[in-house]
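Letters A, B, C and D name the chains as they come in the text, with residue numbers starting at 1 for each one.
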Amino acid sequence: MISLRKARTIVRKAMEKGTEDGMKPLSVVVLDAGGHVQAFERADGAAPGRFAIAHGKAYGSVMLGMAGTAQMARAEAQAYFMNAANGVFGGQVIPVPGGVLLRGKKGEVIGAVGVTGDTSDNDAIAAMAGIEAAGLTGEI
Amino acid sequence: MISLRKARTIVRKAMEKGTEDGMKPLSVVVLDAGGHVQAFERADGAAPGRFAIAHGKAYGSVMLGMAGTAQMARAEAQAYFMNAANGVFGGQVIPVPGGVLLRGKKGEVIGAVGVTGDTSDNDAIAAMAGIEAAGLTGEI
Amino acid sequence: MISLRKARTIVRKAMEKGTEDGMKPLSVVVLDAGGHVQAFERADGAAPGRFAIAHGKAYGSVMLGMAGTAQMARAEAQAYFMNAANGVFGGQVIPVPGGVLLRGKKGEVIGAVGVTGDTSDNDAIAAMAGIEAAGLTGEI
Amino acid sequence: MISLRKARTIVRKAMEKGTEDGMKPLSVVVLDAGGHVQAFERADGAAPGRFAIAHGKAYGSVMLGMAGTAQMARAEAQAYFMNAANGVFGGQVIPVPGGVLLRGKKGEVIGAVGVTGDTSDNDAIAAMAGIEAAGLTGEI
């Protein structure tokens, strides 16, 4: 379980990391272990559709138990599999970095963070900054 | 346009109002004038589906240009109309109080707030507390 | 077949009628005999979701071959039928006045007009003003 | 915000450009900053499905904050990403030229134009003619 307090820290610190590093305006979502939204913020100047992209990165991570990097590798190796996975998950999966799994002390998945707005790699860097500030373990 | 700074104030102050008044755990969303998510938080202990409910209250308000109270009146007078409206908006409309329109200085709709978790009337009270703290005008 | 020239006349004259009569900002769509969009305009100040409502009124009219008034009567007599009709038409039917059938010289349906923004009855009045200005026959 | 007056200018001038240059019958949509339809026209002789194509070009531009040319580059480099983006946006994204971003004085996205009917490159040329006639800035 991720407390709202920790979710807020993740969102704020990920966005601050983006500002510090000169990234484009970021959007950050935190999902719980069931893939349900706990917290979200979209920076001023970000495109209106950013919730859906951030959510898609985190949602696919939780539902498949695979972080964005692993999902992208699978999409590149076997595009039809990720297309099919998207079918069963209602088209809600965005299989690229910036989707980061949150793991608990025993390695169990306790949720995911989704960041979008800059390059996928930078999105993941911002997500990790937020996760570390909250004292949690992330897998990009 | 609602800045993220104002959206954060709305979310925080609405949740604080809920805690102060002994309401059940609230979830609060802020949408912009196009119905797109700007910020969201779900209190610890709230049911996992609360994002969709909060979103539905605010989304219907923006898309129809009618706050939750007016939507509920329409749904009670003409249920098939609100059912049909929900069809064209992808089933995303929750026509009850707790969906509050945000109006700008000339009366134009600049977004909406959706609150869920307690009674619909209390949800609207919490939303208004957040909106007033942000110096904006709400219509319940 | 409705020419774009006639469709433009319908849209403009319906909107002018709304302004003349002091109606709220209107949105007006013209669909062809297959239910496909020919022309649409949304007045400044109208809610963002007005395309979907205008479209739903006209689309149901064409697909069912029934104007808005007849659809509303059916919805009031047999709500489950209109709900079911909405199922097969992808939730795209809004069964209230403001959906107006366009009929050709032999009485055949050549398209429909959908107007939304004011009361359903006023919406239908504005639609008829546009249709008459284009020299066509409407059925409200 | 794009006024209906400016939206009408864009639509008319884009269609006139198509006629002048001997393009096939065009369809032109103007969306606001939230991706909602402001105005649309389909030329006589255009295929019935043109609204959805014009809309898809403009809608993807607004929601992703990327014009058609950039979307096409991304689709060619990373097809599964654009497929996935389409999933989260309800299959409403057409990632090719002819989707043109409208930018305001500070560079912010204020809407988008979608043109379809001729080659994608010609569609974009027609869109730009309309945008320039309205005194706005476009990004193809």
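Structural remarks
Here is the rule we use: a contact is a pair of C-beta atoms (placed from the backbone, for glycine too) under 8 Å apart; a residue touches a chain by one contact, two chains touch by 3 or more.
Since we're looking at a predicted model, the values are computed, not measured.
Computed centre separation for the pair subunit A/subunit C is 43 angstrom, with centres defined by C-alpha atoms. With each centre defined as the average position of its C-alpha atoms, the distance from subunit B to subunit D rounds to 31 Å.
If each chain is reduced to the centroid of its CA atoms, subunit C and subunit D end up 25 Å from each other.
Put simply, the C-alpha centre of subunit B and that of subunit C have 30 angstrom between them. Residue numbers of subunit A whose C-beta contacts span two or more other chains: 48-49. Judged by the touch criterion defined above, the protein chains form a pattern that is neither an open path, a ring nor a star, and not fully connected either. The chain pairs satisfying the stated touch condition come to A-B, A-D, B-C, B-D, C-D. If you check the complex, the residues on subunit D that touch subunit B are 32-36, 90.
In the complex of the two chains, the subunit C residues touching subunit D come out as 3-4, 7-8, 32, 34, 36-44, 48-49, 51. Those residues of subunit B lying in contact with subunit C across their complex are 33-35, 62-66, 78-81, 83-91, 108-109.
For subunit A in complex with subunit D, the touching residues are 45-49, 52-53, 55-56, 75-76, 79, 82-83, 86, 90-96.
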